[in-house]
Amino acid sequence: MKLHYYPGCTLKEKAVALDISTREAMKRLDVELVEPEGWTCCGAEYPLTEEKIVGLAAPIRVLRQVRDEGGEVLVTTCSFCFAVLKRANKALRDDPLKRKRINAFLRDDIQIDPLTKARTTDFEDYNGEVQVLHLLEYLRDRVGTPKIKSRLKRDLKGLAVAPYYGCRLLRPQEEMAFDEPDAPRVFEDFLEAVGCSAVDYAFKQECCGSYLSVSLPDAATEASYRVLRAAQMEGARAVTVTCPLCFYNMDSRQAAIKEKFLDFSGLPVLYFTQILAWALGVDREVLGLGEHAVPADSLFEEVPTTEVRT
Amino acid sequence: MTVKTKKKEDKRIGLFVCHCGVNIAGVVDVKKVAEALKDTPGVSMSTDYVYMCSDPGQQMIIDTIKEKHLDGIIVAACSPTLHEKTFQEAARLAGLNPYQIEIANIREQNSWVHSDKDKATKKAVKIVKSHVAKAIRNENLEPIKVDVKKRALVIGGGVSGLQAALDIADHGYEVILVEKNPSIGGKMIQLSETFPTLDCSQCILTPKMVEVSRHPRIKLLTYHEVDSVSGFIGNFKVRIKKKPRFVDEKLCNLCGECEKVCPQIVPDEFNMGLSFRKAIYMPFPQAIPGTYTLDEDHCLGLSPVRCGKCKDVCEPRAIDFDMKETIIEEEVGAIVVATGYDLYTMQALGEFGGEKYEDVVNGLEFERILSASGPTGGVVRRPSDGKVPKSVVFVQCCGSRDTEKHLPYCSKICCMYTAKHAMLYRHRVPDGQATVFYIDVRTGGKAFDEFYQRTVEEDKVLYIRGKVSKVFKEGDKLIVWGVDTLTGKKVEIEADMVVLAMAMVKTDGVQDLLKKLKISTDIHGFVAEAHPKLRPVESLNAGFFLAGCAHGPKDIPEAVSQASAAAAKVGDLFAQKELSHEPTVVPVNDELCSGCGICVTMCPYGARTLDPSKGVVDVNEILCEGCGACAAACPCGAAQQRNQTDDQIFSMLRAMLRE
Amino acid sequence: MFEPQIMCFLCKWCTSAAADLAGTSRLHHVANTINMRVMCSSRVDPQHILYAFKEGADGVFLGGCHPGDCHYVEGNYKTLRRIALFKKMLADLGIDPRRLRLEWISAAEGKKYAETMNEFTEQIRALGPLDLNDKALVREVVKDE
Amino acid sequence: MRVKLKAGPEQRTFIDRIEELSGENVFACYQCGRCSAGCPMASEMDLLPNQIIRLVQMGLLEDVLRSKTLFLCASCFTCESRCPKGIDMARVMEAVRHILDPKGKDAFGPGEISPELAKELPQQVMVALCRKFAK
């Protein structure tokens, strides 16, 4: 089965592991991921004031492309991309004025050839037809736990993993609308489906410092430390994330964290798709574990994962 | 009810124009008005007089009605709110049906607000003419009369229900009190001490409970529920379901042997799940009626094959596994709804961890922890490990005043009970720290603010103005993240226990009952009052009264006042020999009614129902208050208001507007 | 000067009481209005309003209790919805919807009542006499005697 | 220190502009402080989120525009998810940033990222940061 998939720019360069593990895992669930032709960066941040709405043009262009290619659903993994695509899509569905303005904007962009100034393609307004889903949501609602379970090739023996939602996946609830921000289940259910045990800890939905990582590295270090330590105190052997920025803050910053907070001893960080792919039998070499600052290899070695006979 | 009336062509109408000294006559040429209408069809005489409402004025009206055999009169004078009753009475004395009297307001709405004599006179003529048009079409009416069954049903055995039942019974009427739980007492019996005086709750409530159980005119039905209600004010038929208790109340001698042998352990509702009871149990020692109850949902199986241990040890043979649900029928004239409240679930506020952490409790749980009869014998111990907490954080407005995600209203009592909790905790644990997070402290009520001030000043409770965002656990401590908006500091507190002042919400499941009663609620599911200021203890639906927290958040003093007020209103009703009701209602013309049901949805009182067998609407005239909303909505003209029919309105408009 | 005729339907509990209060307070106002007292603003059927226009009213006023204060719970909400809808229809019938005014005036607002009467009369005066150019259409909609 | 409150049209324009840009009713805020209580960045801020909105209510434009807080908000929506009045503080912050002197210095521009750091950072963070804080 073919499914439209938006990797986003980070996955093409810095977070290749997230991209590859996603593809490999989905293959084993009979899903072939296709990228919308000529996709561009979604803008990373959803514009929060009414005057910046041209910022919607980028994500809407992607969504329109998906629609034009006959896609009904678009999945993403990166929480930032997901938030932008989903919110932009909803804004267009709900607000006729935005719909008009963005389409007018995109119409110029597509119909007029910049050189010949001739009209090129016929343009059909985009009205929010495509459904934007996060891969976790897709796995929960479209693939389903029974199917995932039936395809498992390795037994992770209840490996204690702390799910980290961060800030973009569930909030604002009215727009993201797929789980409760303060009592979420979707990540836990995923981990249990692949054979891990989900660690319950108080910081799973606290922010890791996000983009302040650059302008205010100390604050991000501290924020990430709080998350990691809370997970570790509840017995987690690893933290799992959906977003390259969360990954960066929690993984690359660990050296700085250890320097600043002596009580912290390090905790591997994994993309959720790496766990999924591993459980589905993908070879370790393909998982991109080399990108990690905190070695996660040992985790896969040390945890006795036995092959499930099929 | 209509009485035989003359056809409009045959009617003889008399017109009496009042001078009101110079009040009217100074601006309106009253003689001209009387003169102008003399020849209007239907008018058989017209006259003017200086003071119509004076004794000679009234006498003149009476005499003229008799002499001239008038079928209706128009008094053109002041506002009908002033003297309509006066002239109706005069008409009655003259043998005229009082619904044939029309008052044309030419004073307040004319002579007093205009100075141009000519315009005012012309306007007066139009006003009077319109009443002539109406009067010739008025019907003779009689007030609608019904009997009253002088027995009341009170639903709910909390402090409100108990008070209402006692008051009504003391007025001399019979009362049936229905309580769904095995014992009466409601939430109040679970409280430790009560603000603002700190009386022990059980000490003040148990005597009332005993009084109810012994009152010769109160029939107490615990473990019962209302199954259905039909009829109308003064004449309700109620079916009440008796849930099987499996223990004969009269035989059980409270020996407790059954409880000892019962193998089934169940969380104890009375102690808010902080302790356990057996499947056969007494809810609490002072429960009324004093009997054990077998909880069918938790018993191993009500049969000697499955268990039957309790039955074996019961010497008086009180236990009967074969008891069945039965239905009782009663007739009553009034119903008091006193079904109380519940607390909002802690689950709804995931960020506070109420469902996750044992030591995050709600207000009622803390009441049990404070109570001398509670699971810890009155020593403050936290649920997880029984340790005495040295730091307790109280969070106010949990779920209340949250328009966005929870409940928009203020729960009204939590500021007071939080102050009480903090104070009592400090009394019990003198070296403990109590911290309260609040947004506003609302302590309106007699001696309430003094109580709160005492908590702060004498018991040194730290009040922090800000809302808590998150509670989480680290080791065996709870960490509370809040803010002090007064200093602009984000604060973090380590606590051993957190008490959440959860919002008061409608009783779980009460909507089913209210649907059976067909009474209106507000958007939060509390019973709606007829008027927020002037009829606060009556439902909009005639014959229903409300008391206590069923109507909305309130404390005990208010709940009890409301219960007594509701009882007084029931007394009012029962003091009448029969009920009489304005006949200016909107009946239905079966021949015109298409059965579309539009009017049914318009009626705020449920007076109209669709009769599926006849395919037309059925109107209960007792319930109709005569607002006319249905009449305006009926597309077939089948709903006509008595003495304000569409025909009358059109003819009045013609009289007013046609030159 | 054009003297408009204005027909006012006033609910018994609030606006009619306000009109009485304007009287007891001697708040003089224009004599162009004439009042009919109804039990509730929701008693007024659009037919009545249309009929008033047909019989010569240049403006029609409808007064009720403030939202939340209706003696019959929510009659005024029903009126509000009904009138909003009806205004659209008026335009179709060629009657300027501004000729119909709905206002909440409580029993305590005698002053508001008097001022509203003045103001509305001026507004109608400015609009000029109602010219029912499509009387036939109106007649079809309104039943006659 | 005592501030003189001016309830003039200038203040009103500022408040209206914030409301228009953010789409939030700033007067709905009843100063419970919950936004600040849960804000992950509050400890770095000179004014707490609830103080920002309070100053907007009072029309104290200068104080708001001067605050470091505007550039410490991570748009994490924690406050939004818990605000009892449904106010999205991230939007208010963005609105205020929007009316900051357009010719002023970038709070944080791409130029401030060293090439070494840029090599390591995920692309999204640079895009996001510029969107938020650059002119």
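Going in written order, the chains are labelled A, B, C and D, and every chain counts its residues from 1.
Here is the rule we go by: contacts are C-beta pairs under 8 Å (C-beta built on N, C-alpha and C of every residue); 3 or more make two chains touch, one makes a residue touch a chain.
Just so it is clear, the structure is predicted and the values come from calculations on it, not from any experiment.
Asker: Quick check: more C-beta contact pairs at B-C or at A-B?
Answerer: B-C
Asker: Quick check: how many Å separate the C-alpha centres of chain B and chain C?
Answerer: Comparing mean C-alpha positions, chain C is 34 Å from chain B.
Asker: In whole angstrom, what separates the CA-based centres of chain A and chain C?
Answerer: It comes to 60 Å between the two C-alpha centres.
Asker: In whole angstrom, what separates the CA-based centres of chain A and chain B?
Answerer: 52
Asker: From the mean C-alpha coordinate of chain C to that of chain D, what's the distance rounded to whole Å?
Answerer: 49
Asker: Can you pull out the residues of chain D that are in contact with at least two other chains?
Answerer: 78, 82
Asker: Where in chain A do residues touch at least two different other chains?
Answerer: 182
Asker: Show me, using the given definition of touch, all chain pairs that touch one another.
Answerer: Once each pair is checked, the touching ones are A-B, A-D, B-C, B-D.
Asker: Where on chain B does chain C make contact in their complex?
Answerer: Answer in residue numbers: 79-81, 105, 107-110, 112-116, 119-120, 123, 126-127, 130, 520, 528, 531-532, 540, 584, 602, 604, 625-629, 631-633, 641, 644, 646, 649-654, 656-659.
Asker: Residue numbers of chain B touching chain A in their complex, please.
Answerer: 347, 349-351, 353, 356, 470, 472-475, 479
Asker: Help me check something: in the complex, which residues belonging to chain C touch chain B?
Answerer: Touching chain B: residues 5, 7, 17, 19-24, 26-29, 31, 34-40, 42-45, 47-48, 51-52, 55-57, 68, 71-75, 78, 82, 114, 143, 145 of chain C.
Asker: Chain A touches which residues of chain D in the complex?
Answerer: Against chain A, the touching part of chain D is residues 20-23, 40-41, 44, 71-72, 74-78, 80-82, 88, 90-91, 94-95, 98, 107-108, 112-113, 117, 120-129, 131-133.
Asker: Touching chain B in the complex: which residues of chain D?
Answerer: Answer in residue numbers: 28, 30-39, 42-43, 47-48, 50-51, 78, 82-86.
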